[in-house]
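The same subunit A turns up in both complexes below, where it pairs with subunit B and then with subunit C.
Entry: the complex of A and B
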């Protein structure tokens, strides 16, 4: 286990180094960040002052060293837009995204895992066929459109829920459902195929032949064995959503999370903030993936991760 | 394989094959409807300047938020209504198809050709080349690049070539993995080994023996990617990072009109609906293509057909 953890940690460090190098390359080589941040009317003096204050007048190698050592200390400099350390701004938004993603995953699991299970019991049956086409529609639905339509029906027409913003739990309902409905199809499908795979194994016949009840076998044996791919997918989807993939939903509902912050940083031309965002998002994914691997090892002794 | 290799009979064979393909499409009602819809969208995109009743950016403030034609207050000149600037929603949806198709085609071709080439080389050469290339593909596949994409676009600015480029950078891996997997299987086949033994060089082997057998899976994957790409383009445009006004994109239309949801739902509803149905249709055709090109599934279908036509009396 310790060897496994050390190995995961090492590969995490490699990934983070690559990300940092890419960010450095994109922001220093492909463009002049000073020009982007300054208004068009800025004078040469303004330019020089900002360049010096960002350390961009140094040699590229020096800059790269500063950048890497800054990233290690999690110091990315001050957000141009907010005037406070960029990392603080990013961390301030993390809880909102976490709230949204966990709520939507709860909805998706409660709705779609039982659906996938039910469909797997009768492959080719009416429920199965509905599930296959419904999940296709869910996956094909543009989130920004589904979100807008939900707002139109439940906020504008029926007046049951607020249109956007954050605050009480009622603000969380529509964004969480939008996210859950568009990713739920995948969860239902993987549940179905994983269950089917297990249901066809001889141990199921043996247990049934021994006289064990249908639902006992189903929940105590089949479901537990089928769980691994489902947990993998949920972890994967959560990690991506945490890393900014919830940006569309956050924008539709003005939810103050990571993704929306990225869009705001673009509008504010705040490259420092964007750099911090990319770094933190990558870090979140590395951490979530490592935790997920540890969980697999705990729920399934068959997993040999090294 | 037939030993008759005269050009005339080869042409006849191809014709027959094509005819069989069309017939099997006609048998599958869902796939047929989906391909007809895609054909309509392609035609609309190509013929936009002749089909659209209005120029896409024609502003007419006296016609702002005119509802669709069937809703009582609507007029015949704005079939799907007008947006907050009095621009015709139908015309803009038709022009939006152009951008979606352009971006979709370009990305699928760039990513498909590059990814397939990588997969072909990795699968054929094996060894260290394979390990390095596939590790790279896996790493990129596992890494959520959306924020990096946003950073790149914000730094170099948004234009259609940039959008095609960044989406393609995140699309080649899936082709590489698919092609590599298939090449690994094919390499063990007798006809490939026979070709190698007959002195067939690597380039000729890839072109004449490997690629023809890879076309069906690549085409299926290309369809699925096409669907994904137009969804990504629309999403980027919705965020203001993709297609910029005065160009028209379905995603941009939804973003522009969202504040008028209360007064004019049709300005948001129709562009999104067309986008969603297009994506569904592409997925349906892809899954038909997959079943169609899988010999095992084909046998199953044929058996089922026999049962249906001959009955089970035997």
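Entry: the complex of A and C
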């Protein structure tokens, strides 16, 4: 386990270095933040002065060296836009995203894993057919549209929930469901196919021949075997949602998470903030994947994570 | 056709009988009659060999008994008799896993890969024998010792993937013996194992049978497997039993041309014969059965009647030279037998 974690730490460092380096160069090559920050009437001297104050006048390699030596100390510099350390801005937004994504995953798991299980027990039955077409519907529905529809029905028409913003738990409901419904379709599908696969395994026949009850076989034996692909998907969905998938939902519902911050950073051409954001997002992905691997090992003794 | 099972095997107490079993399967090409009019019975402590090639319906019979028929199939007819009483599905469900247990073909896949071997045995004890967890663990330990697994305490905490095929089959046997069954159904118990291990497992099963007095239904395609161990044989072809009798009699004087073909195509360690004689052709597709004998198309001795009228199972003398017919002792479904 320790060897595994050490290995994971090492590969995580490599991944994050590559990701942040890519963002560093791409942002500098594709945009000119100085030009955008200045009014159109600004002179060349104004431009030069601002460029020098932001450190953007130096050679790209020098800039990169400064960036890396700062990043090692978790110092990404000050956000152009907000004038405070960029990492602080990102970390300040992280809990909101975390709250949204975990709420939506809980909803997705609680709602859709049992649904997928139930559908797998009678393949081709009415529940199965409804689930297969409904989850396809959920998958193909764009989040911005689904989110807008939910706002229209539950906030505008029924007036049960706030349209957007943050505050109490009532603000969390619609964005969490919007995220959950799209991930949920996939989770239900994977649960169904994984359960179907397991239900046809010989050990299930053995258990039935042993006279073990149906629900005992299902919950004590089959579910655990079916769990690996489900855990993989949940990890993927959460990592993906936290590292950017939530952008749309957070924007639609004006949820103050890192997804919305990313959109703001891009529109403000705040490359320092963007770098810190990407760094944190990559870190989240690495951490979630590591947790998923540890869970695999807990579920399946055959998994060799070292 | 199947009345009075007790008459022929009066010297043994009949434990379990299957009578007139018929199982159908829905397939894309229509309804398949996987098993029809299948009857057999087994006495306490006996071994019944059910022999046939794949698709002959030998496993379906056991599956029907254990309620393991896949959802595409259903039992359309049949009676199960346990200790002389006809049992319905509810009573059968109570016997299943405790009094009637089963050992399967592929031991590595017959065990749940994620659950300790010990728990897969103790759960049977907790369910059927009402033992406490700790008593069940002690009993599982004894069972593993009984089936010849060294160091049971350590082995109980291991997972199936840490076992070899032969050792895993011993675990499956221990599991099947846990609730002290009276009948053990072994469906191709050695097919997935190495040849050397096969003999060990068969020896183990005979030893356990002697020690515990269980009846064994040994389902196999391999006559070599049943040769030494079965008291009675039922030979199946295309979903029907076509010959039945004491194992020694069937081996010495097979009546049915199919049984003869099966024996001729099986290597025998004692008689060094020049060559094995295969049975020509393939088993019929059970959707397109003729009204006659299912074997007629492959049978070297078939005549016109065989193709139009199905021969019923009829009592015959234990061997052709003898004139005494002991009812139910020896039966064959072939027009040429009488």
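Note that the second predicted complex is superposed on the first by the 301 of 306 C-alpha atoms of A that agree within 3 Å, B and C clash if a C-alpha of one lies under 4 Å from a C-alpha of the other, contacts with A are read in each partner's own complex, and residues count from 1 in each chain.
The criterion applied here is as follows: contacts are C-beta pairs under 8 Å (C-beta built on N, C-alpha and C of every residue); 3 or more make two chains touch, one makes a residue touch a chain.
The model shown is predicted, which means the values in this text are computed figures rather than measured ones.
Q: Give one word, clash or fit, describing how subunit B and subunit C relate on subunit A after superposing.
A: fit
Q: What is the contact status of A:248 with respect to subunit B (first) and subunit C (second): first, second, both, or neither?
A: First partner only.
Q: Which holds for A:156: it touches subunit B only (first), subunit C only (second), both, or neither?
A: So A:156 only meets subunit B here.
Q: Which partner chains sit in contact with A:130 here, subunit B, subunit C, both or neither? Use first/second/both/neither.
A: In the superposed model, A:130 contacts neither subunit B nor subunit C.
Q: Check whether A:6 is in contact with subunit B, with subunit C, with both or with neither, and answer first, second, both or neither.
A: Neither partner.
Q: How many degrees, to the nearest 10, separate the directions from subunit A's C-alpha centre towards those of subunit B and subunit C?
A: About 80 degrees between subunit B and subunit C, seen from subunit A.
Q: Looking at subunit A, does subunit C or subunit B touch more of its residues?
A: Subunit A has more residues touched by B than by the other partner.
Q: If you stack the two complexes on chain A, which partner ends up touching A:291: first (subunit B), second (subunit C), both, or neither?
A: neither
Q: After the superposition on A, what does A:60 contact: first (subunit B), second (subunit C), both or neither?
A: In the superposition, A:60 contacts neither subunit B nor subunit C.
Q: Between subunit B (first) and subunit C (second), which, if any, makes contact with A:52: first, second, both or neither?
A: Once the two structures are laid over each other on A, A:52 reaches no partner at all.
Q: Just the number, please: smallest Cα separation between subunit B and subunit C in the overlaid arrangement, in Å.
A: 5
Q: Under the definition above, what is the set of subunit B residues touching subunit A in their complex?
A: 139, 142-144, 146-148, 150-156, 227, 231, 234-235, 238-241, 251, 254-255, 258, 261-262, 265, 268-269, 271-273, 275-276, 279-280, 283-284
Q: Note which residues of subunit C are touching subunit A in the complex, please.
A: Within the complex, subunit C contacts subunit A at residues 66-68, 93-94, 96-98, 101-102, 104, 106, 109-115, 123-124, 127-128, 159, 161, 172, 175.
Q: Spell out the part of subunit A that touches subunit C in their complex, as residue ranges.
A: Those in contact with subunit C are residues 201-203, 205-213, 220-221, 224-225, 299-302.
Q: Quick check on the complex: what are the subunit A residues that touch subunit B?
A: Contact set of subunit A toward subunit B: 15, 18-19, 22-23, 26-27, 30-31, 33, 36, 136-137, 139-145, 148-149, 151-152, 156, 239-240, 243-245, 247-248, 251-252, 262-263, 265-267, 269, 271, 274-275, 277-278, 281-282, 285, 289.
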